[in-house]
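Below you will find the structure I want to go over with you.
Letters A, B, C, D and E mark the chains in the order given here, with residues in each chain numbered from 1 onward.
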Amino acid sequence: MPREAEPSQNEKDFILKAVREGHRLDGRALDQFRQLDLKFGEQYGVADVTLGKTRILAKVTAEVTVPYTDRPFDGIFTITTELSPMASPAFEVNRPTETEVLLSRLLEKTVRRSNALDTESLCLVAGQKCWSIRVDLHVLSHDGNLIDASCLAVVAALRHFRKPDTGMEGDTLTVYTPAEREPVPLSWLHSPFCITFSFFGSISVGEDGEEKDIWLLDTTLLEEQLRVSSCTISMNKHGEICQVAKPGGAPVEAVTVVQCSSLALQKVKDLSDFVDQKLAEDSKHRNKGGLLAELSADNAR
Amino acid sequence: MPLDTSTYNLALLRVDGRRWNELRQQKGQLGVQPSADGSAYLEMGNTKIQCIITGPNERDTKSTSSASTAPTSGGLGATVAVSIMIAPFATVDRKRRGRNDKRLQEMQTTIASGLAATVQGQSYGPRSTIHISLNVLSQDGSLLACLINAASLALVDAGVPMTDYLVACTAGSTSSYAAADEEADPLLDLNTQEEQELPFLTLATLGATDKVVAMLTRLEGMMATAADGCKGVRDFLDGVVRDKGELMVQEGAIGRGEVVSSMDLD
Amino acid sequence: MATQADKVYVLPGDEINPALIPSHPKHPLRLGPGLRHVPPSDLFPTTAGQLVTDRRKNLIWVESNGGRYIPAVGDLVIGTIHHGAADFFYVTLSDYTSNATLPQLAFEMASKKNRPQLHSGDLVYARTHGPRAGVRVAKHRKGRGPGPLSEGMLYSISLGMARRLLMRKSAEEGKVVVLDELGAAGLAFETAVGRNGKMWVNSKDIKTVLVVGRAVTETDEKSLTVEQQKKLVRRLVKEMA
Amino acid sequence: MTTTTTSGPEALLSHLHSADGSATFSYAGYTIVGAVNGPIEAQRRDEIPEEAVVDVVVRPAAGVGGTRERHLEGLLQSTLRQIILVTNFPRSLIQITLQVTVAPENEYVNTKVVQANTNLPILPALIQTAVLTLMSAAIPLTATLASVVIAATTEDGSNREIINPTAREIEKSRSLHVFAFTSHGDLILTQSEGEFTMQEWEDMLASAQRQCCPSTSGDVNMGDDAASGADLGTFTRSVMEAKIASDLYWK
Amino acid sequence: MPITILQHSLAPPPKLRDADSDSDSEGGADLEGDIAMGRPAKRARTQDSSIMTPGEIITDDPQWMRGHGTYVIPGASSNTILSSVAGTLAKTNKLLSVRPLRARYMPEIGDLVVGRIVEVQAKRWRVDVGGTLLAQLPLSAINLPGGIQRRRTETDELQIRTFFSEGELLVAEVQQLYNDGAAVLHTRSLKYGKLRNGVFMSVTGTGGGGGVVRARRQAFTLDISGTDEVSGSEKIDVLLGVNGYIWISKHIEGEGAAAETSGPGITRIEESVGLNVYSSQNDIIPVDTMREIARVRGVITALVENGLRVDEEMVIKGYAEAVEMAKEEQDSADTLWLGGERGKRLANALVGR
């Protein structure tokens, strides 16, 4: 199969040297994100995230199904991430690569396990009917830091999504089409975001030879190919950590991880505000007809 | 049935009667499978792992399709290939797991890249592979931690050079964010019941040092306890290896080694 | 350079206005990239681009940008050594494509006795000949001639940019002046440009390499005019100091 | 690089950086992102000694691809092979990925993830995206393509043909047809479903030809055609020219 | 390899040093304390045992040099030498190295190894010698039938399988090593070549621990005429491959180990390398020879199972012991079986316990 191309020795040496001296190819600071942009589609629940040259599109869909027998009071919520050859020829159709597995597992733990979406609210008739919310993640262009961007896309899409309104008269359930009734947003509890730190070994600082790990934020694909290990921290703007993952790789000081988590909080706050603002803009833009007046409140949350 | 941890802070004892910072009963043995290049059996409480190591060798690298691999010493060393098998009888409810269970694959990847960081593979050359197959015989919490520990033990048995034991341990916390009771003690080495109820983390450290190699967690803050636990585990594993070594020396299988002490430095 | 004033854009399969096809008394008609001759005498574009003719040399080709590098005889390219064999090196010219071969004896002053010591991951500046890439000794205007490239940094640029940088009079024809400007600004650096969309930059000072790299890539991505390029260079140099 | 010549189609070219060529094309309610990688090394098992392998992947906006996508892939693959100069790149692979991002939604029914409806309406959009993407990747072609959907309906007794019908109209239609022509004006692909007579089909073929390649079929102006959609042929040309002009701004 | 299910011996009760240490400290309290403690903790090791374990500090005295099984922390200014394997310390002059308890075979030049052909290529064979990489045997490094000396031709390459083909066993010597540790073998001597008329067995855990150890003689001939079962005088060849592969076969005059004694003169090669050296046909082996071969095999298995080293002395002593044991208990049916209890008895007798 076509394999991801190895960067040349010159590139490896140069980038490491540059990073140790605090420089990056694109002139960013070590902890600086690339240009971030978020667009919503005309339809509900479509979020298009652009982070530098990385571009990710998330689409949410809902349909009525039968809940799992072991959890009759919960709706169904799935996130599917299938990397297509579009992102890179190294990704083959329906043959999950390691990147893909780790990505989907991280989103799983960050968004699903942290109950960002209240699945109980998706239940229509206990044990018989419930909503199945499905997020499809499409990586259009892969230039590093898939995890952070994907997480942002998923969260934004879910918060933007509206599911058809339903009503119960007696014991008959009716699902209103968009034409009949304005769709309603999902009941959203909190917005977790991923921040990935990429480590590039350590340098000794000061005369006492105290070693200090050097790390980058929002790495490009090239930088990712050269990092020695990475650590992804997911939390919401209240500082509640949903998950921390350091999938192996070279060891780093425990202290560093703790420091990272505190820095992650700032970044998460920025991202969180960014998404809120974008959602607000979008709802204002839709609100022109004044139809969705009552919905705009939800976006502010 | 849900576990009620509210009593923990009062009774200072856990479901299985441990204190907050007590490890479970551990048993370990080297060379349980003579035909393998290295093997180990490890129990932490009721979590029981058998680890078999084949290689490093150059044969059937293709057959490790289901395994996750990671190159050591920057691609210049041998490749580490890890595959986990969970026996259907390992859990209370007999369930079969598919080959492509993402949870398993994630653990495989984590273990592989974690070990790759401590194994000194450059002496073997990039063409050789170390196959590590982990068999979960019984499962009662701290699975990832036990797998990592068993693997390290088996690697030592196989005589693969490592910078140190890669040891792992879990820690949980009874303090809920809502209650905001920071006084609550973290818990060491969780079992399944506790794992299901509490936020916990798995911390793998490089033996004596406090360097974090791999961890998959829900909540941060119990790292210190986990790091402590890791030391405990390391001492235990070290003990197992030493006993085995002494035995071999007694039997005369290997010559007694000299001891470098400050004395004989002339 | 297009000889006629108005630019002619063609799409694959278009008929070409016969008036545009140069008809030189002596030289035979030579087809450049993007054209396909269908016997007996039909000429069709195969890529979308601008139809360019050179009546003096009796040349005609379709100028276009982008796409993946397709090796052509005589191109200067920068390749990465993939692995070495008995008397060949296998060289990667672009990602996911099969390797080109580079005879070990094709190097300057290489003999059976002293073969070039290259390892996988090293860069080499080579000239393609035939269906296989090989090194031929040839001095090149900018920077250094073919041979191994040590240290420095490798940047990916668009094929169009690579072509412009390699033009004999890149400033006039290619309208790219960043490198000259940077040189004028007093930066000391060395470059090598590969037709396969690669540019190698080296200098004593890391900062210089970074600036040069950023200048060229930005010119490429934002398709800057000569004026903008000059402004960009001024800005970068100021930032650096 | 966006151009909107007519009300309908919009296109964005070479906007994805990791791919060799890419295009986003939106028309008639569909938005499709296309990417081409190639010519790259083909896998040993499916390489062709004398020609390039053309691999088409169609991915739906929601859910994983099923038989519907496989069918579309089949159609596209066999169509595109005809215009790509496959003999130029023996033993290599040209990989075309088409990602549907927006599909028209019917206001009056709730969407299902698995759409059991017809394949045909999306074909023109897919074909157009593929061609634009290939050109953006500078893959040598023998010709460009233009295609159209036509629905035949019976309203109060009289038969009408609707060019580029909406989801609603398709529901009501009696038969549905897709025609694709090369820029030389030859019919390269046709798919039909529903009930129709040979005569009807020929009529529609004629109007489709008028629609897709005005240059070859006599009358250039189609003012008379009531339900005339955009002329994709002209559209493609203008898009590409704008693109080339911006690429070669230095010339 | 016979499947043996071993009892899990009860491990000593876990040493919970940490638990005792901070049973009194608060959970939150030791957070800073532990995280803060930085790089390799200079933890006091139990020096009482001579066993080194990975990560253990051997010495931080600059005068020592690091050898196999040890490492120094890269980049660190201190020249501390740590152990990277579990094993015993060995000192040669100023060189410190740790002999691992068990390890996979690492070829050294001059080793006598028993190998199995796994792959046949155009000009060479690839041989499994139980190492980390496959060894290779060039076509030019074998004796041609009849011992003729000439360079290898196309025809030799075409009929390469007539010399060795997949799955066949051979004994060879390690001629040279590549820098990645891969070995190149040769069989250009009478005592090397294809193996027949015997039984193969593999003894794992060579290197530092039990199993085969490098010795003066790896190949020797065993006289089995001592046992009354055997009619007349019979001999058995035992090849202890350094790589832990062992070959026990019927002794044939002028071949195998015997030739070793008379030394491989080039002159002798011509006449004595018959055309049958590459035949894969076994000769007829008398049944009692077979039984004795099996007995030797049992002895070696017993040695390994009881963690004793395998070398000429041990095998010969063990064999004699086994014969004695067989004599004592008259039932000759299962006297060959030297596993389990009998194996232990044998081993104990050997080490005099």
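The definition used in the following text is that a contact is a pair of C-beta atoms (placed from the backbone, for glycine too) under 8 Å apart; a residue touches a chain by one contact, two chains touch by 3 or more.
On a predicted model such as this, the values are computed, not experimentally measured, just so you know.
Student: Decide which interface, C-D or A-D, involves more C-beta pairs in contact, and give its chain pair.
Tutor: C-D
Student: Of all the other chains, whose mean CA position lies farthest from chain D?
Tutor: For chain D, the chain whose C-alpha mean is farthest off is E.
Student: CA centre of chain A versus CA centre of chain E: separation in Å?
Tutor: The answer is 54 Å.
Student: Would you kindly tell me how far, in whole Å, the mean C-alpha position of chain B lies from that of chain A?
Tutor: 30
Student: Measuring centre to centre with CA averages, how many angstrom lie between chain D and chain E?
Tutor: 68
Student: At which residue positions does chain D touch at least two other chains?
Tutor: 37, 40-41 - these are the residues of chain D that touch more than one other chain.
Student: Where does chain B touch two or more other chains at once, residue-wise?
Tutor: 206, 209-211, 223, 227
Student: Counting only residues that touch at least 2 other chains, which ones in chain C make the list?
Tutor: Touching at least two other chains: 95-96.
Student: Give the list of chain E residues in touch with chain B in this complex.
Tutor: 1, 4, 6, 8-19, 22-23, 26-28, 30-35, 37-41, 43, 46-47, 49-55, 58-59, 61, 63-64, 69, 71, 82, 84-91, 96, 98-104, 118, 128, 131-134, 180-182, 204-205, 207-210, 304-309, 351
Student: List the residues on chain C that touch chain D in their complex, please.
Tutor: Chain C reaches chain D through residues 1-2, 7, 9, 11-14, 34, 36, 44, 46-50, 63-68, 70, 95-98, 160, 164, 174-176, 223, 225.
Student: Which residues of chain A touch chain D in the complex?
Tutor: Counting only chain A, the residues touching chain D are 1-2, 41-43, 46, 53, 55, 57, 59, 61, 63-64, 80, 82, 84-89, 93-94, 134, 136, 138, 140-143, 164, 175, 177-179, 221.
Student: Residue numbers of chain D touching chain C in their complex, please.
Tutor: Result: residues 14, 20-21, 37-41, 83, 85, 89, 91-92, 135-144, 182-184, 236-237, 240-241, 243-251 of chain D touch chain C.
Student: Would you pull the chain B residues touching chain E in the complex into a rising list?
Tutor: 19-23, 25-29, 31-32, 34-38, 41, 55-59, 78, 120, 123-128, 156-165, 182-186, 188, 206-211, 221, 223-225, 227-229, 231-232, 235-236, 238-249, 251-262, 265
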